[in-house]
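In the two complexes below, subunit A is the common chain; its partner is subunit B in one and subunit C in the other.
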Partner chain A sequence: MNTCCRQLAALCALSLRELYRRKDVWVVFTLGILILAPLTAINPYGVAGASRHLSEIALLLIWVSAAIIAISVAGRQFPPEFEHRTIYPMLAKPVSRTTLLAGKFLGAWVASVSATGCFYLAYGLFSGAKMGIWFPAVFCQAFALHVGFLTLVTALSLLGSFCLTPPANLTVCGVVVGGMFAIGQRLPDMTAGHPAALRALARLIYVAAPHVEFFDLRRRVIHEWGPVGWQVAVAVLLYAVVYAGACLLLAGWIFRRKKC
Partner chain B sequence: MDAISIDQVTKRFGAVQAVSDVSLTVRSGEIMGFLGTNGAGKTTTIKMLLGFFAPDAGRVRIFDADPVAATARGRIGFMPETAYYYRYLNLRELLRFYGGLCGMSAAAIRARTAHLIPQVGLVDAGDRLLAHYSKGMLQRAGIAQALLHDPDLLILDEPLTGLDPLARIQFRDLILALRDQGKTVFFSSHELSEAELICDRVAILKQGRLVWLGSCGDIAGDGGQNLERIFLNLLTSDTPEAPP
Partner chain C sequence: MRAPLHISAATLTLAAALALGQMLPRVFGDRLPQTAGTSLLDQVLGEARMTISDTMILKADEYFHGGVRVTDCTHDHAHAANSLDLPGSAHAHEGEHDHHEDEDEARSEAPRRDLWGWVNTRIHIAEHRHVEGDQARELIPWYWAAVRIEPKNVHAYLLCASVVSQDLMNPSEAIHILEEGIRNNPADAELEIDAGCIHLNKLRNSPAAQACFDRAYAKWAQDRDAHGHADGDLKMRILFYLCHLARQRNDTSALDRYFAEAQALGIRSASFIAIQKMAEH
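Coming up: the complex of A and B.
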């Protein structure tokens, strides 16, 4: 293993330890699984619609938990290092700031993907036991796109951690992600009939904002509609990579200029 | 080759002149104490030595290389003033993390950890979470992480803070042993008596200016003066003096 890989591995292991040694994470896990189990495993009154409704709630729970974990883990990568002064021995080591940022991103990404993977595994096992279909293609595709969502959100939160205080970052990222889920697709239509300047602003926000709703295949999973075309899935994953890359480039630019 | 070369370095933060025209060299294999009151510019100078930020004017070199270069930083071991290391790690894990950052192999980290933990007096606490460490124990952990990659130059920012008398004696012995191994030690401190005991040379900073630079041998032969008296005279005088 070369020096850079060792440095990335060390930073990644630190983020994973930080996440999995927190008691509150295990509380979230336990509660999440306890709630997921009845939502996905039971078929109330044998009515398919009710069963689907419960599955929808279960998947929503997974999405909300994954978003909270990704935003909070990524947002906690750098501020405590400055607060506890551990950034100094870190920067004094023969490691570049770019590698530090890449390692912190990788650590936060692996931590949130692994946590989300556990929820998906539980969902897949419970619903497989109920339906008799184990991990169908659309379910696997939904997880792959969810990983794309986590890539984007992790980079966004990491960037926010350099510009905002941790609570403000958590709030802003939460509002952006929640807001895009709620109105992301309808943003240009909402300003139709308004002055041109407002329409242009809405168009600008539409282009610049992270389209997290692209990654959401919940309805396809619930209604068993089958996976989307692979070209679409690849394009969406590419969008996540490009958006995350842009956020990380900006974060790197800020970090390199930051006086410690 | 000089371990540290600071040449007419100046640093300003807004209206505050943190460091003003400081020139100083630290020879390889010597122990230099960097003294001054709070806000004298010691930590700012140390941060420039580590390449955390560049001076506004002047030049800083570490073993004749730019401190930003990885080759220079690979030869530096740094211990910051009172760092609160990761609460969820134990000392072995902390050293594994820093070893990884230095690009060391797992076997090399294990070997150095086995050597360092007894050296800093934390044999019984190696597997305990850092959350349960006292301030003094965290300082020792800080020394261990600074020494992990066997650096040629050790830069310590207020290393004696929080150490009990026994730990101070152990620290003193450790620093002297490191010098005997050919290492260079540069440390900032308020502890004049400790500095006088272990330093080959001492530099005193006042309001960002270097006001005194000399060997501890000079102090002993200077009409019964001691470092405390010199320090007091320099800091109570109104005008900054030039270094002798």
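Coming up: the complex of A and C.
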């Protein structure tokens, strides 16, 4: 048990180090500041004090950056190991395939959560300084649900990395996440007047595809609506854990069948 | 030996490129794909500018409703020009949004379609609220962006001026916004009407209001002459305010003239009835 934990911690630390060594986070962070800093200086038509548009842009940047980091970090966990054949010594260490998969998942998850945490901290300080409200309950809940989103997306990307090439995985995961954000809830309504086969397909996608839009509390944060009921928040987090678990089990099954 | 040669060749080629760059617009003029003086936004966005600008207006509307897009609640008619407001009269749009309460109640009672739909309505905001007073400042950046992207978007100027004048209680700034709109859309009569309304109702400056409505009248006539037809309702609104100002001055001949013009339009609207009443007195 102790050995397993040590192995998991080592794999986690490796992913975390890799993310910060690649400097992706700092590039995104600098880009965000470069976009937001000039906007904060503008007082349209002499009207000062408007800040919701800045929150909207900041949170959009956080969501896009977090999604890209999570998908790319998780998608990069296994393919280089297979490509450089470093998977063999690692499995011979001995590290079981389950531990390796769990460690890689945890590593990617910790890396993307830590980067998102940095973004949220910066946004919290920025919005506190601008609006005078420091880390309200809805903000903390938004971060918690964002962590749920990262859990789901990391597992999905890790599963994709076993089935697709890295660029294809990045594209497919991006399309699935972006598509579900855009039309996830409207799929059945959109196909209401179409042939039965198309409606059935849309229904299947609606039921089976990851509902990432559940984790998006941006509107509540920006427009100062109250937090979601805790039962709903817990149910949504549970959904993320179960969906991620299903993806990891499937990834584990594919990994076991893979000849290394 | 080769390095200085390469540097000289590169310098000469660069000089030739720069000379060509200076020469081509002079030689070919308007035949080039991009004409001089075209703004960067024009080049990048082209005809999509108006669509993007309208999207900004929708975003402002969303902010007005607390971040919720309410498709069947538009505030297009909420700006000063359409409201036929006069000094001392009650605001024409009080209670304008009463229907939303019923609508929200109906929505909350509607049966949930499925589990995912039910979770979604619990997570995302289903009902809406309206920003009030000083909070309306949150709408301004979107209107500002809308007119920066497309200065021909008259609607954005009208809505922005309305919010600044009515919610933020800053009619002087609203006049500046409308003046900017008029500079960018010199043929538009609606901007003049709104400016006139603000001068009349908020700034109590009848001579300035008269000048605005006179310009609106002239622009309406120019538009009719240019296109062969014109918006009768727009003229009725202009005549309504001109009648009001004529009555203020006790100018009965102008009042009769405006009433005759209103009659000739053949539109029996609330504005016409109001003009008729003013002419009778």
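Rule of thumb we're sticking to: the second predicted complex is superposed on the first by the 238 of 260 C-alpha atoms of A that agree within 3 Å, B and C clash if a C-alpha of one lies under 4 Å from a C-alpha of the other, contacts with A are read in each partner's own complex, and residues count from 1 in each chain.
The rule is simple: a contact is a pair of C-beta atoms (placed from the backbone, for glycine too) under 8 Å apart; a residue touches a chain by one contact, two chains touch by 3 or more.
Just so you know, these numbers come straight off a predicted model, no measurement behind them.
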Which superposed partner A:Leu106 touches (first subunit B, second subunit C, both, neither): neither
Contacts of A:Ala246 with subunit B and subunit C, given as first, second, both or neither: neither
Touching partner for A:Val172 - first (subunit B), second (subunit C), both, neither: neither
First, second, both or neither for A:Gly229, with subunit B first and subunit C second: second
Contacts of A:Val64 with subunit B and subunit C, given as first, second, both or neither: neither
Touched partner set for A:Arg17, first subunit B, second subunit C, both or neither: first
Touching partner for A:Gln185 - first (subunit B), second (subunit C), both, neither: second
Contact footprint of subunit C on subunit A as seen in their complex: 42, 44-53, 185, 188, 206-207, 211, 213-214, 216-217, 219-220, 222-223, 225, 228-229, 232, 235-236, 239
Residues of subunit C touching subunit A in the complex: 63, 66-68, 113, 116-117, 119-120, 122-125, 134, 137-138, 140-145, 160, 164, 168, 170, 173, 176-177
Touch list for subunit B against partner subunit A, complex: 47, 50, 52-53, 70-71, 73-74, 76-86, 88-89, 93, 96-105, 142, 145-146, 149, 155
Touching residues (chain side subunit A, partner subunit B) in the complex: 1-4, 6-7, 9-11, 13-14, 17-18, 21-22, 84-86, 88-96, 259-260
